[in-house]
Structures are given as structure tokens and as C-alpha cells.
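After this come two complexes, each holding chain A, first together with chain B and then together with chain C.
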Partner chain A sequence: MEQVFANGLYLGAQYALIALGLTLIFALMNVLNFAHGQMYVLGGFITYTVYARLGLPFVVALFASGVTLATVGALIEKFLFRPVIRRSVREESTMLLAAAIAFLLDALILLLFGEKQRGVPKIVKGVFTSDALIMPYDRILVGILAIAFIAAFVLFMQYSKPGRAMRALAQDRVAAQLMGVRVDRYSMIGFALGAMLAGVVGGLLVAITGISSGIGGPISIKAFMMVMIGGAGVVGGAIAGGFILGMLESVGLSALHDYGDITYLVIFAALMVFLSLRPNGLMGKPWG
Partner chain B sequence: MINRRSAVTFMALGTASVLSIMAGAFSANAANKELKIGFVGVTSGPAAAWGTSNVRSMQTRAEWINEMGGVKIGGETYDINIITFDDQKDPKRAIAGMEKMAQEGIHYVVGPNVDDGAAAVRPVAEAKGIIYFPYAFPKPLYVAPASNAILGMIANYQSGPAIYKFLKEKKGVKTIAFVAANESDPLSQREGGVAAAKALGLQVVAEKDTYQNDTRDFTPVLTPVVKLKPDLLVLSGVAPGNAPLLIRAARELGYKGLISTETAHDAKVLQEGAGELADGFISVGGASTPEIASDMMKEFVRRYTKKFGEYNDESNTKVYALDYILETLKANPAAINNVEEFKRTVDTFSAPNPYVKGEGKLKYVGTASFGQKRQIAVPMVVNTYKDGKFETLFVGEVD
Partner chain C sequence: MTPLLAFSDVELYYDHVYALKGVTLEVHEGETVALIGANGAGKSSILRAITGLKRVKAGEIHFAGRRIDGLDPDEIVRMGLAMVPEGRRVFPYMSVKDNLLMGAFTRSDKAGIDLTLEMVLSRFPRLKERYSQTAGTMSGGEQQMLVISRALMAKPRLLLLDEPSLGIAPKLVQDIARSIVAINRDEKVSVLLVEQNSRMALRISQRAYALTTGSVALSGRSAELLDDERVKQLYLGGEL
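After this line comes the complex of A and B, so read on.
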């Protein structure tokens, strides 16, 4: 049972970090970023290239992923989403744009990094073993780092000036503008931050799960599930959604393994029932 | 603003370009005729590695043949032109791809890569006169009255029993567990594997454990299986991208037994994804292990690597389909536009296998499994992974 619980916690920390960037972008701009998974994949491949190919330290590789994705995110917001949001009267336009960016990134990643699954040498060797629990040290480290990143992000949003500005934007865009918040600037920072989170988690997890082109779509779907569980646009909701999904997976795969692959069937069915009762998710309200 | 001088220059350049393109085209046509061979399979998304290794093998081989002056079939010499279509692992797109091949006048197509795609294109292939070479195992595709599909590799129900028997006799395997992705190909391969294991008298301790194909962390999936401590863990129909993750998770959970699969894998992917934890992993490959690879196989690997930067060990098997098509057409030139002639030739065709040392033959097999020759003979090389490369465990034969 301890093993199942530890697996769930570890998965949950991963998932929560993946969902954070997605929910941040949605909260700030009301944009469903279908390209979030592709940004994760790009971050993973950058870490792979810098760490495994160029032989630089893992921390440098992770930093490179974060900076690159933040830049990509800022450019996407400035040159693609901003003009579309300004000119379009229909919200679906941003969804179509996000889907187009997802397809574009998929194709570019396949072209640049190839079709093969990639992995990097273990960042920490060894396995923690006790009577009740087996957990490789690299997973423990990644789990701790994921929780640290989540905490740093929450603190940044709570206490920094850009964080407060972004929370104000998420709460009421017009009111924030009237209070002197520079909407364009903080939308760009928010999008860059969301993309950076996707890149960092992709880079972090390449040490455990490797990376391959084409997995961006499934990653996005999982992130949307977490956001739906927790409530779209709410940071606490994304974190809760991530941990709930991780725990459901771990418990389901262990308890239901005699019945074949019904774990996700049960999760999806439960999600449908849950959403019919609480359509806005656990914490479904705007940021704040 | 365009002035008169720049307009004249532009027109002159344009005319020169058009003339040079036409001259190039005519000179190519004047040298050789063109023979189009199709590919319909998956070259994008999570399973892109399967189709990409097909396409790249075909392109490498075609370029090599063209460089040597083309292929002589009957009285004509042809340059090979590979026409590709990415079906995105979607049966509807596979049908569209096969329709496209028919519109292009193509009679020989490699692919699709998965069961549902291969089943979906069957009506189109039969109606439009196309012989296709799927990498999919369902027997109805190859058993009469079906006659247009030719299996491009060794099926799991052919390699599985041989592997289990070998491991039972040589490694003392008594208990066996199966884990498969929750998709048609791996599930059908698991069913075949379970039946083969039971027929050999092995005790199957797990046969229902599955995972979503997009799973990235397999620790929760394998935790209950590893607890059962099977002597052999079979990863039925495992995708090359998932194999290192499953192996790593099993080993890190303390699993000490053997791990095997009946699909082909890439040593570099295993090395990067699982490192030394993948040592001892058993899979089925083609013909590039040093023990049996011919000089031509080594040259193919060299050209592939030069063209695409990195070799894929799955191509050890996938190099064969194009050669089978061309060699069969050489044996009966009337088949170039008539697949019924091709089918007639299949029963008696035989040619030297250029990719293995010794007296290996290219020939069609499958009578034991399908009641007719609807499978290409590729060496059933069972490999074991060690220190970043494959070593031959044993070599078998189908039929």
C-alpha cells in the first residue's frame, strides 16, 4: 500500500507541474493552449540535446529548456495570440490558433529531433529500498524538485509584482487595465511563464521517462483532465487536479489490474459524473 | 516599382529556369523509365518510429539502386520512385492513402504498420489491383480468400513459441507474465503469446495487465506484476519508445527475471532509455548482427546512416520488402502492371538473400500459418541486448 501511495504522490507532483502552465495561460488570456504538450516535448528535447549530446550539466540543460520555452512562449503571444485576440470577435479563433501551433510544433520537433524515443543518463543512481517501499533516488529527486517548483511558482504569484499583476488580470482584465496594469506586457509574461513551466517539466522528466516526438497531444489531454478536475484557471485547482489524477491512476492500476485496462475507463466515467455535479471543477472560479 | 529592364531580366531568368527543369526531366526520362513503389503507414505521432524506419529503408535502397543505374525488369531499366503517405495510424487515412496509391497507378505498396490500418485498406487494395506488405499480424489478411496482402515480417505467433521454448529449455523458465498496451495489435499479440506459453506448459501468472499507449511512467503499471516474480516478463507488441521505460521501471522495482518481446527494437533507444538495465532484453530483429550480416547489409547500414544521420535497427527487417518486390518483378516482368502475375510468381519465386552471409534465400513462406505463401522470408534472428548492441541468441526460420 505504501508503494501505491508513493507512486501516486510522485505521479501527482509531475502532473501538477504539467497542469500549472496550462491553467495560468487560461486564467490570464482565456486561451486553451492545445500546444502545451508540444511545449513540454520541446523542453524535453532541449534538455536531451544540452545534457546528453553536448555533455553540459543537467542544471544547465534545464535552464536552457526554461529560457528557450519562455522565449518561444513570449514570441507566440506577441506575434500570434495578441493580434488574433485583438481582431477576432469569436473566442474559437484562439483555440484554432492554439491547435495550429500544436500541429506546427509537432512537425518541427519531428523534423529537428527525429522519430526515436530519447533518454538521458540517470541524474542520480541507486534505488531506495525498504520492506514496504522501492523508489529510485532520481524519482525522489525529481518529485522533490517538482514540489519545489510548484511552491516557488505559488510564492511568485502571491508576492511578486508581476505575480500580483497577473492575478489582477486573471480576476478582471478591464479593472486591472483601469488600475494601470499593462495588459499586453503581463499577458506576454504570463504566456512566457506558462510555456517555461511546460519546458522545465519536460526537461525534468526526460531524466525519468525520456522524450519522443508525437507525445505532445496525449500530454495536453492529460493536462486538460487535471485542469477540469481542479477547475479551469485556478492554480490551486491545477495542483489538486494533478495529485488527484496521479493518485487515481496509481490506486486504480494496482487495485484493478486483475480486470484488464479499466483504470482509465473508471477515471473517465467518474470524471463525467463529477463534472455533471460540479461543472466548474473543485475550485471552479476565476483566479483570486 | 518594376521597370522594363528588370521585367526583361525576370522573364529571361524564368524562361531559363523552366527550360533547365524541362531539360533535366527529359534527360532523366530518356535514361530510364520510372517505377513507383508506394508506402502507406505511420510516420508521425507516438508510433512514428515504425513507419519512418520503413520509409527511410525504402528511400535509402531506392537511391542506392538508382545510383547503380536502376533496376532491369524485362527489357526495360527503371529508376525507383518511392511515393509515401502518412496515415497517422488512422485506418480512415490509411484508406485514403491506398486510394492515392491507386490514383498514382501504383501496384505495390509497403505498409500499413498496424492491424486496423492493414484490415481497412484490404477492400481498396483488392478492388484496385494492389499488392501490399503490411507489418500487421491478423491471419484473415493472409488466409484465402484474401490474397493481396503479404506479411512483411515474422509474426508473434511464429516467433513467440520459439522464444519461450528456447528460454524454457535453456534458461529454466517456468512462470511467465504478460503486459500489453491497451490497443488492438499488442492485445492480439498478448493473446497469441498466452496461448503459446500455455501450450508449452508454462505457468501464466499475469495475462490481463495493460497500459495506455501514451503512459510515460510505468512504475504503477508494473508494481503488481513484479510482485508476482515471474521468471519471464513478456512485453507483448511493445512499441520501441515504450520498451526502455518498461524495462527500467521493472528493474528499478527489483525485478530480476528475463524480459522479452516479439517486436523489433533499436539498440540506441534501449541504451539511452534504460542503459545497463536493458542488458539481457530479448527481442526479434533482422539481419544486421555481426554474426550473420553480409557486406551488402553493412553497406546498407552505412548508406542509411550517412543519409539520415543515425541508423534504426528496426530497418534490419524493413529493408527486405522493396527487394522482394523488385526481385519478384524481375522474375516475372509481366507482373509490373498485373498483380495476378505477381501472385502466380510468389509460389515458385526464389533468389539469393543479399543481406545475410551464406546460402540464405529470398522466398515467400507462410503456408503453415496461412495455408498459402503470403509472407516474406526474413531471418528470425532472436537477439539479446548487451552493452549498447544486439547479440544473436539464436536464428530460426518460418515454415
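After this line comes the complex of A and C, so read on.
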């Protein structure tokens, strides 16, 4: 029991970080970023390259993933989403653009890093064992790091001036403009931040589960599921959705083990029932 | 003396329908000027043109000696102009405190911001009581106090108010009218007030412009307009 809970918590923290980035981009720009999973994969491969191939410390590799993805996110916003949003009258245009970016990143990742599953040397050795719990130290460390990033992100959004400006923009675009907030600049900052979070989680998880070029799509799907569970555009919803999905996955893997690989089948079915009862998720309101 | 705000021959269109055709008006330093007129007469379009939310098609707008039509809203706001939008538009999921801090977004003088914060909280003690409350849960009147305070947090030279009495309990309309007079007098802020409640607007302003279908029909000293037969008929709804 404790084991299942600890696994769910560890997984949920990673998921919550992914969902936070996705929901931030949605709240600020009304863009569904279908390329979120690919950004995660790119972050994973950058950490792999810097840590495993170049032999630099893991922290440096994680930092490189974050900075690279923030840059990629900023460029994508400035040169792709911004002109499309400015000129397009239909909202679907941004969705199609996001899907195209997902395919583009998939192809680029395959070209740059190949199709092999990649892993890295353990970041810390050893396993924590007690009567109820067996947990490798590297998982514990990665879990703690993810929770620290969530806390830092929430504090940044709540108490910093740029964080306040982004919340304002998400809640009332025109009123925020009248306060002197530059929509362009803060959309770019928000997109960069969202992409950075995806990249950092990719970097964190490469240390545990490795990375391969094909998992961008499935990660995006999970991210969308979390946002559906919690409610789109809400910080609390993203965190709740992440932890709930992590917990469901952990419980499912242990409880449904005897019936084969059906955990996600059950989760999908449950999600459909849930959404038909609560289409806006647990806390469907704009950024709070 | 050059006016603080000047419109000359401004035209503004929504798609192909005109909202303003050749509006000329001015607001001088220290004045409270009212814009009255029926729904759709173009009052709000004037404010949207000033703040850059809507581009004008022809004519010029000058503020504090600089031409501002064509600039982005954030640039215009930085020049010392603050607007209280129609329908209040608080940031509903933010605390009163965060709403007020957003008002000071363009400022970075910490000490000055604290002083302005003290000023608005002593002017509207209700906001002090509700300081940590989520803005969206407050009453309409309280939200109106909040958005006026939020605009004052920018320390503007000109305050634009779009229908501050709309949807507010009649008793509170009096309070808000009094606040506008006090702000104009004590804080040396010039005010451009758009109102459907023409009587209130004419009582608290020094000058006024009456609009009909996109152009200025009448203008003059508010006290005189209040007694003008045409104004009475067209804008004050008669004395029925």
C-alpha cells in the first residue's frame, strides 16, 4: 500500500509539472499545445547528451534542458504562433499549427538523436528500504526535485510581478492591457516557461526511465488528460490532475496487474464517464 | 495653454460602420469633463480610441503634447493615462491586493507605490477590510471602488471612466460620484467621464460634450447644459 502511494506521488509530481506548462500556455494564449510531449522528449535528449555523452554534472544537463526549451518555446511563440494568432480569425488555426509543430519536432528529434531508447548512468546509487517501502534513491531525488520545481513555479506565479501579470492576462486580457501589460511579451514569456517545464521534466525522467524519440505523442495525451481532470487553465487543477493521474497509474499497475496491460484502458473509460458528468474538470475556471 | 488631451476630427469604424465621424474635443489639466449620450452614440468608442484598444481611421489624438493615435495600449498607459473600463472588469480570481498591485504595473518606485496604496485604502476603507478577499466575490459597488482604485495606483494624469454608475445600487452611485469629485480635487487628476446617467455626470463635471450618432451635438459648461431645454429633452429623459 505505502509502496503504491509512494510510486504514485513520485509519478504525480512529474506529471503535474508537465500539466502546469500545458495549462499555462492554454490560459495565456488559448492555444492547445499539442507539441508539449515533443518538448518533453527534446528536454530528455538534451540532458542525455550533456550528462551521459559529454560527462558534465546532471545539474548542468538539467539546466541546459531548461534553457534550451525556454529558447525553443520563445522562438516558436514569436515566429509561429504570434503571426498566426494576429492574422487568423479562426481558433482552429492555432491547433493545426500546434499539431504541425509536434510533427516537425518529432522529425527533428529522430534526425538528431536517432530512434534508440537512451538511458543515462545512475545519478545516485543505492535503494532506500524499510518494512513497507522500497524506493531507489534516484527516484526519491527526482521526486523531490519535481516537487521543488512545482513549489517554485507556484510561488513565482503568485508573488512575482511577471507572475501576477500573466495571471492578469489569463483572467482579463483587455483589463491587463489597460494596466500596461504587453500581451506579446508576456505570451512569449509564458510559452517559454511552459516549454521549459516540459523540458525539465524530460531531463528529470531520463535519469529514471530513459528517453526515446517516439514517446512525445503519448506524453502529450497524458498531459491533456491531466488538464481535463483538473480543469483547463487552472494552476490547482493542473497539479491535482497530475497527482491524480500519477496515483491512478500507480494503483492500476499494481491492482490490475493480473488482468494484463489494461490500466490505461480503465483510466480512459473512467475519464469519459467523469467528463460527461463534469465537462470542466474538477476546477474549471481561469487562472486563480 | 495646450490641452492635456485633444481630439481633432477623429473618425473610427467598426468594420464598415462608423462609430465616430469627425469628433473634436479637449480636456484641460485639472478638469472633469463629461461625455453624455445615448447607447451607441460613440462615448465608449472615444475611450477605446484614446487607450489604443481601437485604431482610428482619420484625425489625430494628442496627449500631454504627444501624438498617441497609432501607439499600443501599454505605451499610452505608460504616458500617464488610466482607464476604468465598462463593466468593471476586476481580475476576478485575484485578491484585492493583487488587483491593486496590477494597477501599479507600469511603476517601479516601491516607496511611491506604497504611498499611493495608502492613499486609495484610506479613500476606500472598504477595500482595506477586503484586502485579501478574491475580487470576483465582492459586490458590484465594491468592485467599482476597486477598479477606480486600481486605476489610481498608476498615478495617472488623466483618468478615463467608462460608465462607472452602470449596474450599481442607486445609493452607491452617490458615493462613487463623490469619490470622483474628491479624486479630481485632491489628487490633481484630470477626469474624462463617460456616463449614461447624464444628470450625475453633468453635476460633477465642469464641462461636457453631448454626443449623437458619432459626433458632438452640443458642448459647453455642465451647469448650463443642465438647464438647457434640448439637453433636458434628449439626455435627461424629461421630467416625467
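Here is the rule we go by: the second predicted complex is superposed on the first by the 288 of 288 C-alpha atoms of A that agree within 3 Å, B and C clash if a C-alpha of one lies under 4 Å from a C-alpha of the other, contacts with A are read in each partner's own complex, and residues count from 1 in each chain.
FYI, contacts are C-beta pairs under 8 Å (C-beta built on N, C-alpha and C of every residue); 3 or more make two chains touch, one makes a residue touch a chain.
Quantities reported herein were computed from a predicted structural model and do not represent experimental measurements.
In the superposed model, does chain B or chain C contact more residues of chain A?
B
Answer with first, second, both or neither: which of chain B and chain C does A:Gly284 touch in the superposed model?
Touch partners of A:Gly284: none, neither chain B nor chain C.
Quick one: classify A:Gln171 as touching chain B (first), chain C (second), both or neither.
second
Between chain B and chain C, whom does A:Val127 touch in the aligned arrangement: first, second, both, or neither?
The answer is first: A:Val127 touches chain B but not chain C.
Pick one for A:Gly236: touches chain B only (first), chain C only (second), both, or neither.
neither
In the overlaid three-chain picture, which partner chain does A:Met179 touch, first (chain B) or second (chain C), both, or neither?
Touch status of A:Met179: second partner only.
First (chain B), second (chain C), both or neither: which does A:Lys161 touch?
It touches chain C, and chain B stays clear.
Which chain A residues are contacted by chain C in one complex and by chain B in the other?
none
State the interface residues of chain A toward chain C in the complex, per the touch definition above.
For this pair, the touching residues of chain A are 161, 164-165, 167-168, 171-172, 174-182, 285-288.
Could you list, by residue number, the parts of chain A that touch chain B in their complex?
3-4, 7-8, 10-11, 14, 52, 106-107, 110, 114-122, 127, 129, 134, 136, 139, 205, 208-210, 212-215, 217-219, 222, 249-250, 253-254, 257-261, 264
Quick check: in the complex, which residue numbers of chain B touch chain A?
Per the touch definition, chain B meets chain A at residues 43-49, 52, 182, 208-212, 214, 216-217, 219-221, 223-225, 240-242, 244-245, 252-254, 266, 268-269, 272-275, 309-310, 312.
So in the complex, which bits of chain C are touching chain A?
Within the complex, chain C contacts chain A at residues 51, 53, 72-74, 77-78, 82-83, 85, 89-94, 98, 101-103, 105-106, 150, 154.
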